[in-house]
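Consider the two complexes below, in which subunit A is the common component and subunit B and subunit C are the respective partners.
Up next is the complex of A and B:
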């Protein structure tokens, strides 16, 4: 056992606790600056540590509860980057002015929970990670206590989330019942040895796990909380949920479905494929009619979860590789879109409405370009990152004899042009400009916007090395078990 | 060297577009815009000409140049995508037209667009279009083909919607985009199938491997060909995906000339010719392609008769002429299709630009009912337009005669099915001559419209007339490069790219041909078909002369006798209405349904005034909140039940 592999997780969770403590310092200036600074330093350190360990042999720690393979390290880096971006977006956020400690601390703990999901070696750690980030998010959603919509979002998320978690933990318990083990890597053999592959018990477990994880990933019909919660939560937290939660949910999907339960591929392939198809269609159609950016992005996030599920349904190395690559692209483009919303929201009343973006491309070309890149990439417009990702996802589906699913995905992305392009059109329209107040956008938000937009281009431009990374991570997983 | 030139040709318009975009909200002086906008295309044309001549000095078999800039994607299973261009006989032909005709139209636009807002934006978007179109034809693999394919769609969308304050233009832009994306999807799925079957998207490899690994005449070959053809149909406005092109005339006239007549809409023809190996693997697909082309050419020709908007007549004529090209490619007569592409680019650009002069002169008037007897005041336009009409109608000596008659002759030589297509295309030739001369006579001959003309004619300057004059000359002489019973320069030039039959290597090393080469018409047959199409063209012109030459009395009498036929043609066979009833309404209904039932809160919010909303908020919040969470939980459980049912069904 090698405890040093735990460092990324330990640094981030430790920093989370530290940030909570720093937030109650009596000196106002220190209480305001230090938690965020601590968080950023810790997350950078976590990225460096994952980078250092990359290329080494796969390790397990804490009695195979914690896996440190390339998959974990890749996702740790993505999650840490998301954490940094969210901390920067939340800089000077009104709600965080007097609650800086809670804000930064909970974001860090949440990132730590997501990292734990990615590294989970047993179902217990998996669930622990999911609960750690979920509970932190329940609080973060409700942090703007003076705003009823924020409280409502937090409460709703808590209640519905509890149902979702309940179903998930029930499924995991049934899985334990069927296999007699919580260790993910032993499940395959346990199922075969116990002659349980055709038994109803693991099927029931699979059903509940699909639903539980589908809830976290906002798959239809478990998505109904998404628009309300996204809408009500403070926008940086919405950005965090849209990116981080999605990454963590798919990390869990991959750990469970593409690795330890791959033996039951024939059983879960079609249900997951159907879930993906329904999610793509409903998500895209519902997004068409949303007047608010946050609600529109919520439904678009639902649809994007559908595309990602297509990669899971393929059940192949290519599928997992595509999912990982698409998560990279998705993170960049979603973060860019939310950065613009964050900025606009602070400048004007009702800044989260699509109408508030009118003419932003003319008054501030840079923000217009950021928004345009994000929307075109989300819509899968070639040659941006979203296009390559979708191409890989749908291609993996065709390879896995799920051509119909690839067609559904392609048709879905056609529908999605309807609402993404509307935003682009509004942004470049001339017309009465929605006037800026004297508020000056903090540089941190601009940085996140520009860096994310640059990432959209770079992820596309350097598709080759990145795909190699994703492929390494995916092969390490599926390589452990031969179907 | 030629590879480098290819990159330069590609880079110049992109540079032009970027420079013009960089000005942002500040409008630069007009001269700067003109210099950058036209200069980039002019230099690109020069570079293309240099590349063309250095290619001429090469041996015919060594004229393919593939230049790789860098490796873009390389994943384990062998799929490799390079950022690479391919300059060969086919792409250089397209490049010459795109940059050459493109330059003339840019030049023309410097004056035509002078009074419009957004001068810089117009040239930036036009340069961007030229870049995208060049990327489409220079791409060396399917991925960059799709990139170019999507980018020309975007450029077309932007330019149709150039007058974004006109709702009609915005609606037309949207329609064009949606139909084109439908085509993109077909192409993307075709590419997935290619990756699955062959593991590569590189042209060279695909065309070499396809005959070996894709069974000829099988379902896979048919699917790939038809999916690619869906892309071609959408881009080239072939029935039933043609409805966007007439609406696209809402864009400025130079846009109609460049994008929606000369270049972009012929991308489908280019696609079929470029991927002809894949089409030949499926004879059924080839026949479908030819059939779609024939149906489109006839349908569009009938519709063109009844239109009263000068640009819409030309738009339907474009649909019809591309139908000829598509039909030719479906018959395997690729060189004939490309030859018609070339002459069509000349005379259709000429017709559109001249129509622009007329519209310009009449201060924006486009309706034929408000025109007539313009022969004297617009003498130059009259000669130019008449040349275009003679060319498209297929009068001997003018360019359209050579290219169209070649297609008709080729059709007649292809057996029974060929004779059917021959009949259709000959009828089409009759209609073409008829509707084009109807247009010419109603604009320039006959009597002045009721009430006469108001005010001065707005005469065009040199920047508009010189390009038109050059295109007039090209429309006359452009056809002489390929003459029946004489020489076949286009066919010989394209021979290494499209000639020959794809061959499959058998296990014992022998070769089996898959697909077939289009049979050449015999001399006698060619004499017969040329006489026939010549006769119908003259008949069409004479009939048009009889009805339209002397004022509106005759035509009004005739059209009053057939009101239903007339309105049916005027409404373009009512394709739009059918689509509205089926696709659009259904889509809208499902969207509305979702909103009404899934999003009651939003409806409540939108349906009431803001004030009322605030006062109701507190009262509603209580009810909605608890209600919704319960609803969500119920949905979760119902979803769980549904997933369980699926799992049970699958595991049985």
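Up next is the complex of A and C:
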């Protein structure tokens, strides 16, 4: 047993606890700076450790509760990058003024929970990881306690999240009943050996797991909470939910569906495909009707979850590879979009409305370019990262005999042009720019915006090595199945 | 045979008391009904030859946790729901959900080929003694054990962060 493979998780969770402690230091300046600084250092360390372990043999630690394969390491790095970006976005955020320690600490513990989901070797760890990041997010959503919208978002997320978790844990319990094991890699064999593949018990379990994870990934019809919670939460936290939760939810999907439940592929292929199709259509149509930037991005996030589900429905290495690559691209473009919203929201009243972005491209070309890149990539314009990701996803669907699903995805992307291009048009519109206050945006927000925009281009430019990376991670997963 | 009768009675106790918890209008009575469910679960543990877990279940859950519930209820006092009619339109959805889940459970129970499900199960090895529990916690399930502590830490931090502000809003410090 090699516990050193847990290092990325241990660093981040330890730093989370440390940040909570540093937040109560008597010196005001130290209490403000140190938690965020600790968090960034720890997340960088976690990325370095993931890089060091990359290429080593796949390991299981702590009685196969923790899997350290390339899938885990790749997702650990993505999650750590998301964590750094969110900590930077939250720099000088009003809600964190006197709650620095809690703010940074909960973000770190949330990232640790997401890492646990990615590394889960048993259903227990999978569920605990989901709970760890969900509970942290319920609190983070409600952190701006003087705003009733923020409290509402926290409460709504808590209730809906609890329902989703309840259904998920019910499904996992039924799955345990059917297989007699909680170890993900043994479930496949247990189902085959016990001749349980066509039994109603695992099918009932499957249904509940799809519904439970559907809540977490905000797939239609379990997406109702998404716009309200995204709208009400502090914007850096919204950015965190849009990127981190999605990565973690799809990590859980991949661990369960491309690994343990692959034997039941024929049973879940069609339901997941239908879920994906409905999510793409409803998400895109609803996004057309939103006046607020945060609500629009929430529905666009729902639609993006639909595209990712297409890759899951393909149930192949190519599908998982495409999901991983698209998660990379999605993280970069969503983070860039939210960085602009964070900046705008602090500068002007009603800054989260699309109208508040009018003329930003003319008055500040850099932000205009960032926003344009993010929107074009989300819409899937070639040659940006979003296009390559969607191309891979739809291609995997076609290879898996789901051509109709690829067509639905393509139609959804066309609908999405309607709202993504509207934002681009507004940003480059001439006319008087919305009144600029003298508020100076912290440099950290600008850095996140520019780096994310650069990442959109780089992820496309270096698509080849990155796809090899994703394919390695996906292959590693298939490797654990055969073991 | 005797064990099956005992199991049937306990299971009926769990489901019956759980229904009471949901259906009783008075929150205080519902919390008391919860004791019935928790004690019945404790009896199930005894049937599994796990007396230690059974007593932990009674002391921690039926004892401490329900006492906390009752304390909070008594502290808040009887508060009428502000607008009970608003939610009545949605009651039909909860009934649909209940029917679907019940139907699913019934179908699964009557058709599953799970071994030991329709026959008398074999006795298991020692799973409930303090020794077995200690090994389970600190060897087999060490990571879940520690992860749970993190979840509880987050919960405690959240309660303090959110409640502190509430106290200030009500004119506290």
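Methods note: the second predicted complex is superposed on the first by the 480 of 483 C-alpha atoms of A that agree within 3 Å, B and C clash if a C-alpha of one lies under 4 Å from a C-alpha of the other, contacts with A are read in each partner's own complex, and residues count from 1 in each chain.
Heads up, the rule we're going with is that a residue touches a chain if its C-beta (ideal position, glycine included) is under 8 Å from a C-beta of that chain, and two chains touch if they have at least 3 such contacts.
In this text, all values refer to a predicted model and were calculated from it rather than measured experimentally.
With both structures placed on the common chain, the touch criterion links A:250 to neither subunit B nor subunit C. Within the superposed three-chain model, A:307 lies out of touch with both subunit B and subunit C [touch as defined at top]. After overlaying the two complexes on the shared chain, residue contacts for A:20 are found with subunit C alone; subunit B is out of touch. Once the two complexes are overlaid on the shared chain, A:112 sits against subunit C while remaining clear of subunit B. In the superposition on chain A, A:420 makes contact with neither subunit B nor subunit C.
Between subunit B and subunit C, B contacts the larger number of subunit A residues.
Contacts of A:62 after superposition: subunit C is touched, whereas subunit B is not reached.
In the superposed model, A:196 makes contact with subunit C only, not with subunit B. Shared contact residues of subunit A, touching subunit B in one structure and subunit C in the other: 200, 204, 207.
Contact residues of subunit A toward subunit B in the complex are 148, 152, 155-156, 159-160, 163-164, 167, 198, 200, 203-204, 206-208, 210-211, 214-215, 220-222, 224-225, 228, 266-271, 274-275, 282, 285-286, 288-291, 295, 317-318, 321, 362-363, 365, 381-383, 388, 391, 394-395, 398-399, 403, 406-407, 410-411, 414, 417, 421, 425, 429, 463-464, 467-468, 471. Against subunit A, the residues of subunit C that register as touching in their complex are 104-105, 107-108, 111-115, 139-144, 147-148, 150-151, 153-155, 157-158, 161-162, 165-166, 169. On the subunit B side of its complex with subunit A, the touching residues are 24-25, 71-77, 79, 143-144, 146-147, 150-151, 154, 164, 177-178, 181-182, 184-185, 188-189, 192-193, 195-196, 590-591, 594-595, 598-599, 602, 606, 621, 625, 628-629, 631-633, 635-640, 642-644, 646-648, 650-651. Per the touch definition, subunit A reaches subunit C in the complex via residues 13, 17, 20, 62-63, 65-66, 99, 102, 105-106, 109, 112-113, 116, 122, 124-125, 128-129, 131-132, 135-136, 138-139, 142-143, 145-146, 154, 174, 177-178, 194-196, 199-201, 204, 207.
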